[in-house]
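When the chains are written out, they are named A, B, C and D in that same order, and each has its own residue count from 1.
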Amino acid sequence: MFFESDNSGPAHPSVLAALSHANEGYASAYGSDPLSAQVSAKIRELFEAPKASVYLVATGTAANSLILSTITKPFETIFCSNRAHIHEDECNAPEFFTGGAKLTLVPTTDGKMTAGDLEAKLLLEENRGVHGPQRGPVSITQITETGSIYSLEEIRSITGVATQYGLSTHMDGARFANAVATLGCSPAEMSWEAGIDCLSFGGTKNGLLGVEAAIFFNPELAAQFELRRKRAAHLFSKNRYLAAQMQAYLTDDLWLKNAEQANATTAYLAEGLRKEGAEITQPIGGNIIFANLPRATHKRLKEGGAKYHIMSGTLEGADPDEPLLARFVCDWSIDRSAIDQFLGLFKS
Amino acid sequence: MFFESDNSGPAHPSVLAALSHANEGYASAYGSDPLSAQVSAKIRELFEAPKASVYLVATGTAANSLILSTITKPFETIFCSNRAHIHEDECNAPEFFTGGAKLTLVPTTDGKMTAGDLEAKLLLEENRGVHGPQRGPVSITQITETGSIYSLEEIRSITGVATQYGLSTHMDGARFANAVATLGCSPAEMSWEAGIDCLSFGGTKNGLLGVEAAIFFNPELAAQFELRRKRAAHLFSKNRYLAAQMQAYLTDDLWLKNAEQANATTAYLAEGLRKEGAEITQPIGGNIIFANLPRATHKRLKEGGAKYHIMSGTLEGADPDEPLLARFVCDWSIDRSAIDQFLGLFKS
Amino acid sequence: MFFESDNSGPAHPSVLAALSHANEGYASAYGSDPLSAQVSAKIRELFEAPKASVYLVATGTAANSLILSTITKPFETIFCSNRAHIHEDECNAPEFFTGGAKLTLVPTTDGKMTAGDLEAKLLLEENRGVHGPQRGPVSITQITETGSIYSLEEIRSITGVATQYGLSTHMDGARFANAVATLGCSPAEMSWEAGIDCLSFGGTKNGLLGVEAAIFFNPELAAQFELRRKRAAHLFSKNRYLAAQMQAYLTDDLWLKNAEQANATTAYLAEGLRKEGAEITQPIGGNIIFANLPRATHKRLKEGGAKYHIMSGTLEGADPDEPLLARFVCDWSIDRSAIDQFLGLFKS
Amino acid sequence: MFFESDNSGPAHPSVLAALSHANEGYASAYGSDPLSAQVSAKIRELFEAPKASVYLVATGTAANSLILSTITKPFETIFCSNRAHIHEDECNAPEFFTGGAKLTLVPTTDGKMTAGDLEAKLLLEENRGVHGPQRGPVSITQITETGSIYSLEEIRSITGVATQYGLSTHMDGARFANAVATLGCSPAEMSWEAGIDCLSFGGTKNGLLGVEAAIFFNPELAAQFELRRKRAAHLFSKNRYLAAQMQAYLTDDLWLKNAEQANATTAYLAEGLRKEGAEITQPIGGNIIFANLPRATHKRLKEGGAKYHIMSGTLEGADPDEPLLARFVCDWSIDRSAIDQFLGLFKS
């Protein structure tokens, strides 16, 4: 009953099989092996972007920060959500990789910024000449950190504002697959066709061991990426093992099936939580649920062996009825029996 | 006949098996899983250093640069060999991770610095007050980048100088196992007992997919490592897969057996090369050979399908007898039949 | 009628005289001249802090960022006002000098943060382990960027929270003198006695050409300052010219008299503005006034030759009655006749 | 008898006068005042470069590092002399300002690099792909740190190599005026006409209080300079005081007269030293002399009150005849009577 994170689960068996398969013989190092080239081509195909530049790295923070460092100058500021992972959970990685760029936080509702709020922040940077940071790129997360989802139209309105101001756009797609599964659109529709310039296409949270693709739909924007990746110690000598994972991910739409499965399990869990009287506090765009439950209920669930994060407050408080906010995440591997077992704890 | 690099070969089968085995069920992310803790304990045991701090990262450059960034101030300079990997092959990673520290290059003979040359460089930094960079740590590589090996006494003389000047010492042990195999000493004898404060203990070049251990023998020196690792995007959420590789490495002394095998194959290759009239230009401390062969011979070998690096000059030159320097590296997986096949090309 | 900034006015004649006087003969460079030593001693005396470390630099941004870089780690975040100069007007200087630290913005009312709001922000950083930036120092500005002033008690409540959380405190005192003039307290009372660890003691806005003192009341905190100053190109070879300005500043309490004069002129201007129906929008703690006036009035004042900043909106708008916010700053050199001339423009 | 440095002497009286003159009334801050604009125009005129971008900063290290940070990427390396000030005396400032670029040291003879030695270093960076730092700009110092001087032809051969490899060139002209005085050429001939792209035009060592001009002969190269200057805390609010110094420098060729005077005094001193049997060890290109004198002589001179640097070794040694290398620098203000007084000490 592991709902702590979609980083907790195992990798899909076909990924381990692909690693074994790739573990034959010799291959040139640092990404010049044939498998790496095939995988880049497959990603271009999946995204219907024949000119895109594709690079594999091992962590989502690396994908985000390396992309941002490539498209941001040190005296610029990156516009992102006030709940953005790049702001809250990367221990200053963007500031480090960019050489000191700033982040300007755009207010959000349910984890999403609007084009209007973005424009309001952009306008604040006007008229400051050299005194304030210059406007840098715009970064949004899909699915958002709070589990909500941008519609294609919402994405287009945001990238529209960015374009109007001459700014690049980045999408943190750690859970890109879950969003595609929810919207039923194509990867192209949710990325470059909606105006996104660069994408962190996540795999680690969706059944791989550890690999993400950094994709530049406009290859001109990619100019310095490889040098910065090497400099940041993120160029893997045995790159074929990153490529093998990604190859399995792209075979038979594993990426999409894993996400659909995770979304479905999450919907089933949400339904069950609602029946138990939980208050779901955020719209569910994919595989993340935020819900309030009374302290006493949390104690029972934890004692029953359920694993999940309580976002604030502690179990040691006095009031058994006090609602505490919790986060539940289902990855591809959680099955309904685990959900049923968890829901059974409510009765006990 | 792949002698390009010890990054070219496959991982040992037991490592893939360990990955599969670790791919069961759920584990807390970011290194708080039980396997990660076990592996750290095993490393402390292997090094007979019960208080050491141990961290897993995925690349050698990450191990080196994260360690250096933890023990170096931005206004300091790191003393290293003029052939150091951290200087020549990391695309300014040390400068990046440390926030702008410098590297002071110590002259080498056969890839090794002497305590005397180190001290000469240290003395140059005297009397400059705030004008010049301050003395930072000393970093040596074992086995060196040119394949030579420091004796335990040589290591102690270097760390002795560092200690005398109040400086920390780091060892880049990308091929630490090969050095231990050659010297027949213990890991402790070649590291902290010889005065080394921090070590990048390499696995990727010696049969793993991609993992290195950053070890601080004096845990006080480790203070900020975890935060810097996270900030540099080198904290893996599914850390158990790094731990699983390292666990296989430490089981039944796989680390040592792989290295012994690689060293033995290399010795066999060296003997064969000498018989063919090659001029071995560097002492062979482990699994790297530098040898001069005539251009015409290189052409024959390359046409025969042998893979190895020619260090300078090109095959397209006019003079068939011109000696060109080449590097041959044997990893754990190269076997004698591959060597025999390669040596057979000389006849043809 | 120059109310644009306290950076617009001339330096006090005694400062130019001090420069001439210091321009005799030879002096060792880089701050080892006798005048520099005398000035440091005088500052320690003025602040009643015999152990303080004192360094001269040429700009306020340099004082702030060099101090912050000395007391902040790259993976930390600095808590400051959401109107802080270090955030809005230094073009990412803190991020640059610290090697990528972040700024966490504390909400303000009338430009001031409360201890409660600071603590709320501190608590948000709890429980994040290595994932989020670590808590770094707290920085407040006195007089604030909007012209308001913290009472001694308010300062103590803020530094009290910082101390409780083990954090250092910095005061951006670009207009420190104006605050002392308003409160009628001693420099010690408004700085270290109120719990402030480091202070940027401003001179440039208060009658000097360009010099600020960076003061560490706890010399242990100063450890790396000189090296960072040199590295940032802020160590002046002919340091005696910075010292000479500061010496004039400290002679016969010029620093205090200039500030009292500026404050008095500002009060006189404020009174006049109120009589003309202006809406003063911020409390006046020293020498800065924020006031709303109708567009048509602004046009008349500008045509009359008055120089001041309109903070938002433009003169080209259609509605003559629309209130536009303006900022008026009086430096030491503005006299009442200039105010009278300005107020006269309202009638015309 | 102050020969320690050309940073030790007073500023020329006309410079103090210009500061007083500029200290009238009000001027917009941050360089938008009329005087700053006039001075930029005068510099363009002096250099016969009507399109050049000109920026004033207060220290030579700031000029050098801000220029380098504008034309260098973080993953590049800057080619400079192994005696370069930017390498030895700026406490890692280039590494800091550029965000971690490296410096590649070119060997020198008498403080000068040849085009051949530069090319040899450039060729070492070939064929390394992303593994090594990429080639960045070339930086030379004129007059060099050891006092020697490049001929115009030598400069052209170096910039010719740089151009051939597509690299920018920077000249550290802390003593540019002294070089022009020696060669009798025009500023244009020794800078952009000889292929130099950017120049740090020094004033502080030649009679000013503290100001240098950063000049980009190709304005395209200047793109980010102003933002980086602000970010590095080197944009002076009261910029008119930097401009006033520079204006005095450019009036009646004060810059050239000061340098000619310093050079002449130095030649007179050198002649006197030779007569006393000193061994002049470096060619004298301007106002710096390196000379060996016996220990006993140094003791006598120091006891007589002469101030100059002994480069290595100490006075406390046993052997009175041991030659110790010393550096003598004459600035504009040293007159012959001081030289005569100094030479008189030899007799005593």
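Note that in this section contacts are C-beta pairs under 8 Å (C-beta built on N, C-alpha and C of every residue); 3 or more make two chains touch, one makes a residue touch a chain.
Each chain and its UniProt protein: A, B, C, D = Low specificity L-threonine aldolase.
Computed from a prediction, not measured in an experiment: that's the story for all the values here.
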{"item": "Repeat of interface B-C, chosen from B-D, A-C or A-D - more than half of residue-number contact pairs shared", "value": "A-D"}
{"item": "Chain whose mean Cα position lies farthest from chain C", "value": "B"}
{"item": "Computed distance of Cα centres, chain D from chain A, in Å", "value": "51"}
{"item": "Chain A and chain C, separation of their C-alpha mean positions in angstrom", "value": "41"}
{"item": "Inter-chain centre distance, chain C versus chain D - centres from mean C-alpha coordinates, in Å", "value": "34"}
{"item": "Residue numbers of chain A (touch at least two other chains)", "value": "30, 74-75, 90-92, 96, 99-100, 130-131, 227, 230-231, 235"}
{"item": "Chain A partner contacts - residues on chain D that touch it in the complex", "value": "30, 73-75, 99-100, 129-131, 134, 224, 226-231, 235"}
{"item": "Chain A residues within the chain C interface of the complex", "value": "74-77, 88-92, 95-96, 99-103, 128, 130-133"}
{"item": "Chain B residues touching chain A - in the complex, by the definition given at the top", "value": "2, 4-5, 7-11, 13, 16, 19-20, 23-30, 57-62, 65-66, 90-93, 96-97, 204-205, 209-210, 227, 230-238, 241, 307"}
